[in-house]
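Since the structure comes first, as structure tokens, the remarks are kept for the end.
Which chain is which? They are A, B, C and D, in the order written, and residues in each are numbered from 1.
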Amino acid sequence: MSSMTGKNIKISVFGQSHSQGIGIVIDGLPAGFEIDTDSLLSFMARRAPGQSKLTTTRTEADIPEIISGIADNKTCGAPLCAVIRNTNTRSKDYSNLKDCPRPSHADYAASVRYKGFNDIAGGGHFSGRLTAPLCFAGGVCIQILKSMNIEVKAHLYSVHGVFDTPFDPVNITDVNIGEKAFPVIDDEAGEKMQEEILKAKRSADSVGGIIECAVTGIEAGFGSPMFDGVENIIAKNIFGVPAVKGIEFGNGFKCASLFGSENNDPYTVRDGKIITETNNSGGITGGITTGMPIVFRVAMKPTPSIGQKQKSVSISEKCNQELIIHGRHDPCVAVRAVPAIEAVTAISILDIISEDYR
Amino acid sequence: MSSMTGKNIKISVFGQSHSQGIGIVIDGLPAGFEIDTDSLLSFMARRAPGQSKLTTTRTEADIPEIISGIADNKTCGAPLCAVIRNTNTRSKDYSNLKDCPRPSHADYAASVRYKGFNDIAGGGHFSGRLTAPLCFAGGVCIQILKSMNIEVKAHLYSVHGVFDTPFDPVNITDVNIGEKAFPVIDDEAGEKMQEEILKAKRSADSVGGIIECAVTGIEAGFGSPMFDGVENIIAKNIFGVPAVKGIEFGNGFKCASLFGSENNDPYTVRDGKIITETNNSGGITGGITTGMPIVFRVAMKPTPSIGQKQKSVSISEKCNQELIIHGRHDPCVAVRAVPAIEAVTAISILDIISEDYR
Amino acid sequence: MSSMTGKNIKISVFGQSHSQGIGIVIDGLPAGFEIDTDSLLSFMARRAPGQSKLTTTRTEADIPEIISGIADNKTCGAPLCAVIRNTNTRSKDYSNLKDCPRPSHADYAASVRYKGFNDIAGGGHFSGRLTAPLCFAGGVCIQILKSMNIEVKAHLYSVHGVFDTPFDPVNITDVNIGEKAFPVIDDEAGEKMQEEILKAKRSADSVGGIIECAVTGIEAGFGSPMFDGVENIIAKNIFGVPAVKGIEFGNGFKCASLFGSENNDPYTVRDGKIITETNNSGGITGGITTGMPIVFRVAMKPTPSIGQKQKSVSISEKCNQELIIHGRHDPCVAVRAVPAIEAVTAISILDIISEDYR
Amino acid sequence: MSSMTGKNIKISVFGQSHSQGIGIVIDGLPAGFEIDTDSLLSFMARRAPGQSKLTTTRTEADIPEIISGIADNKTCGAPLCAVIRNTNTRSKDYSNLKDCPRPSHADYAASVRYKGFNDIAGGGHFSGRLTAPLCFAGGVCIQILKSMNIEVKAHLYSVHGVFDTPFDPVNITDVNIGEKAFPVIDDEAGEKMQEEILKAKRSADSVGGIIECAVTGIEAGFGSPMFDGVENIIAKNIFGVPAVKGIEFGNGFKCASLFGSENNDPYTVRDGKIITETNNSGGITGGITTGMPIVFRVAMKPTPSIGQKQKSVSISEKCNQELIIHGRHDPCVAVRAVPAIEAVTAISILDIISEDYR
């Protein structure tokens, strides 16, 4: 396994849902940056559970303790490590899952991979809870990027067939989605999404979603062709967020039904700066930023933990058996994943721009 | 930049469209494998240009010369390097593009990134021609995988709104798509796709497409959570193929409109083996293979080089100007990208299964 | 910076001498291994300070808290993280060093590197204290290696011109050096070394040393040519231990005064196994193990912190000034570095043998 | 295996002594640099064989063909690849070695590692001949460094007990060692070294040596603590040169016999710049450059190929047998390794300073 990633900004994620704690090490941050703790905690609070009837009833304070990396209130160049304690855990909810894998969870694959020694409680290292340390690291990176006038923002673009207004990829205005209780641009669409989620919850079911994310303020010329491109790096890292099943940049899959003449972004000069009139490329060509906003969408599957009776097997006895999952789960993981996608994007972007492009 | 990727099987791609040659180094291959040259050359021929009216009229033999890595006709553990000469180049077609970037090509981004020193001829290192060495390396990996009963196959799933029959993700039968002149499952759909492509060509335009790829015969338990998962690695590498703008595994973006009860894959036992009845996960949960086929789709944008007059700018003078692109181009890059997607997938899968999962 | 290393077994070290804590993440350990905690703590105790008059008077319990990576008392495949709290810190001892760098410490170089924001207290992230988490991770790896009959042991080979008996590189017998209070083979030589150290201490000075380390029980065929050889990996990691200034394998620098006929290791067959009669290669040829013990020596500089008045400068005022270092320091870092060298070696060896050499 | 290394400047080395060719890919070079071909060829000529009675009689022109990475005579940001053809090969000299490993060569270890499929001819991928592509890449890096006023130079410091004058680590003057036929500072010492080498050659034997290398003009503040330090990176790469068995920085192993008060480098201000009066640290503390010259020494073993009868075994029959090595070999590999050490150092230094240390 490797729960480490990054080239210039490296992270190392650790923890299981029910271990002593979860946390992250970030290596390579610039020295001398003063983290705004209040802002960081409110960013992290956006993904914290227990905030509404839309999310799991497991509540945890999720206050990160900074173990290292700070001196005189500023980053000191040494690796920044934060640990978040796991407190509200109820491992007995999971005792039966060791042999009876939950459909579309990692249980079975992990059991083969780790010869049955994987930690099943709460999903172990595969738990969505691991997005908390990602949000810590991403929250720090967001602040550093902001000091360079680069902003990362995401919204819930779709839930169970209901769609939010997409970002205007050319002019992304600051709609402060992050400050909303429900992270959408169009609040009416948001209402309908919430209805869909609650409907699913009432029938002991769950729903999937799409998150759209944008990075503004990034200059042209960052990234590289082939395997170190902006798309490669973001994609590699975003698939580290549990439940992600797809990613597309700019027009993405829609490209398949377009003519080149429709999809190409014409160049023009505005205020002495070269821009494109449209941004179907999502701000990236040849793996390199064009100076237009980076725009991409992330597909998230419905929470695999549902309350309905499901078909499963006994791993040890190789026979079929039925499964009812207990425990507390979000009916739509995409909701709380919005800040996690922002976080991973910020980590990726800071990694990319910390390359020496002399 | 980095045109290197991989952990256990590492590749290093080099070359520009109009340099002396293009090529690849593959490091980490098992020793003692005898490459079937005929089979490799016919695999590479699938992406070679000049085969039909659907592709560019640039013709090149594209015969790779193996520089190293072989002894007594078998891989010897040393890095395998192959060089393909560039012969049929017409660089004067590109002389005007240095200052006038082609819309949705890498020209402008690369010009900023490399301070104007990037090789513009034929797209330089950003050219789709770089998929030739990828096909060399991938062709070798495909043979090695086949010796382990793992197969990689892809088809053109969609072109400009016309759709092929998708793979049945549970039972992918050997339809020998690779041997067809036009790589689709449903030949009637293939006819319509070709009509769309020719229609675009006639109007000096291009069209996008979607490629679907599957890996069969791979056991459960390969891959890792978070950043070294099967999805992360495949995604990172697939975005190395020019023109790719999206990737989705299993149900992918369709997840967003499904209930968990619809998307979850129920486990069952068949012939003493644990399988899933459906394969909406695309063979991967938690980054780890489930033992079901790996299935994913790749979105490819329309060829940005089109014959129509387009809006561009002068980089040096920061003013608008019109552009007409000359040169020879595929009206639909997705067609010849099918073997490239297979190649990069095979390289990725061999890298993944060459991990020590003790 | 990167305080991360490793390919298959990856570590991420964090912490400063006076931060909340120090610690390490280990990613890639085999699942299902039960750590012997008592044995681990006694291994870690070998490097802990405050044990004798030879070491610093700073005393810390140095009990690691395992945050993650364990389930049902066994490694579960998830990253193993341990945190050690810093308790006995006296940062005021260091207040004057921010502007007045200690000779041959990292102070000045780090001040330039981190623009003055580096944590100076106790040496910050450059402190020898960071060997504690290395010993945690190495202690775990030593146990895993032992279960495969691979042993790592080191002794203090030289201190200030006094030499211990070297390992017999062909037959390294288990002399249990690790259980000795002073880690030498020849206790008489050890007495003399201790006298040298105390003599230095009395004159507010320090002395350097050489540590010899051996790995037994490792089969032939591990490692790779060029940059992933056993020597490359061990060297890269050993230079991560503070104060290391050199490393040599087998005959090392002595090679320069030998004939090939003296230095070559003749092959012979013993008990049906191919071995070498001598082991001047230190168990490695072409970067690959020969099946003979791996033997190398590590040069460690004298503790740069000495009590004598020294010449330094004011960084801010660019003028000369005298420096007297307060604080508590080992008069010979090599003594407590012995387990740290074993630890880093064990981490490196486990990384190397966790490669898939099919 | 991995014959790839580097983070910002990455190289990928390929080829065997008797394959079609050998070569290297360099990825990450700054764009817009014009390579001085004459200067590069004369640098490469310094390691080429057949120049004197001190070296192997195998002669090869060793002219690199640049396959890619150049446009309009300047680096264009794309990977630079060069191939050198192997022409003067006599593989029959090696036919008996497949089963009868040469003492202290990689033959036996490689045979186990690669299950007998390794290329034995001329040492295969383990051959000293692989330093030719390293010299190509290093020669380019040396030119780029020179344009930043950073210089790399090495001399033969010791051969079979005869010592050259060491570099003055504080003031390394340009003695143009590289232009000498025999690369020493003190030509009288050089004469004696040559006598030693010829004496060894006459008795069908070989001798080892030590190379001292220095990097001047490098500012303070490059490098990082722990595993990405200047020492770690140089050491990791230098052990990639065949026959290297040790490396030491600054006082290195001599540290062990010194007091801290002798080994510490006092700071002082000269011409408004902070320097050290001595440079026992070899220009590096805490893994980071101090602004003083980087100085290190590399131990090289005697050429293992000697003309005398030696003890070996039959790998297949597991019995003892005698071996006489034919073929053409240098009696002292250290001589021609001098430019190779410079080359690998230059690659490492350019990699280090290409980090973004904002």
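Assume contacts are C-beta pairs under 8 Å (C-beta built on N, C-alpha and C of every residue); 3 or more make two chains touch, one makes a residue touch a chain.
Just so we're clear, the structure is a prediction, and the values are computed from it rather than from any experiment.
When chain centres are set by their Cα atoms, the one at the greatest distance from chain D is A.
Looking at which positions face the partner, chain B and chain D present mostly the same ones, since more than half of the interface numbers are shared. One inter-chain figure worth recording: chain B and chain D are separated by 38 Å, centre to centre, where each centre is the mean of the chain's CA atoms. For this pair, chain C with chain D, the centres built from the Cα atoms lie 26 Å apart.
Chain contacts: chain A has residues 1-4, 13, 78, 110, 113, 125, 225 touching two or more partner chains.
Those residues of chain D that touch chain B in the complex are listed here as 1-4, 10, 12-16, 19-23, 25, 27-28, 31-32, 65-72, 74-81, 83, 110, 113-121, 124-125.
Of all residues in chain C, only 7-8, 30, 78, 225, 354-356, 358 touch chain B in the complex they form. Against chain A, the residues of chain B that register as touching in their complex are 1-5, 13, 101, 103-106, 108-110, 112-113, 125-126, 130, 158-161, 200, 205-210, 219-229, 231-233, 235-237, 239-240, 242, 244-269, 272-274, 276-277, 280-282, 284-291, 297, 299-306, 308, 310-313, 315, 318-320, 334, 357.
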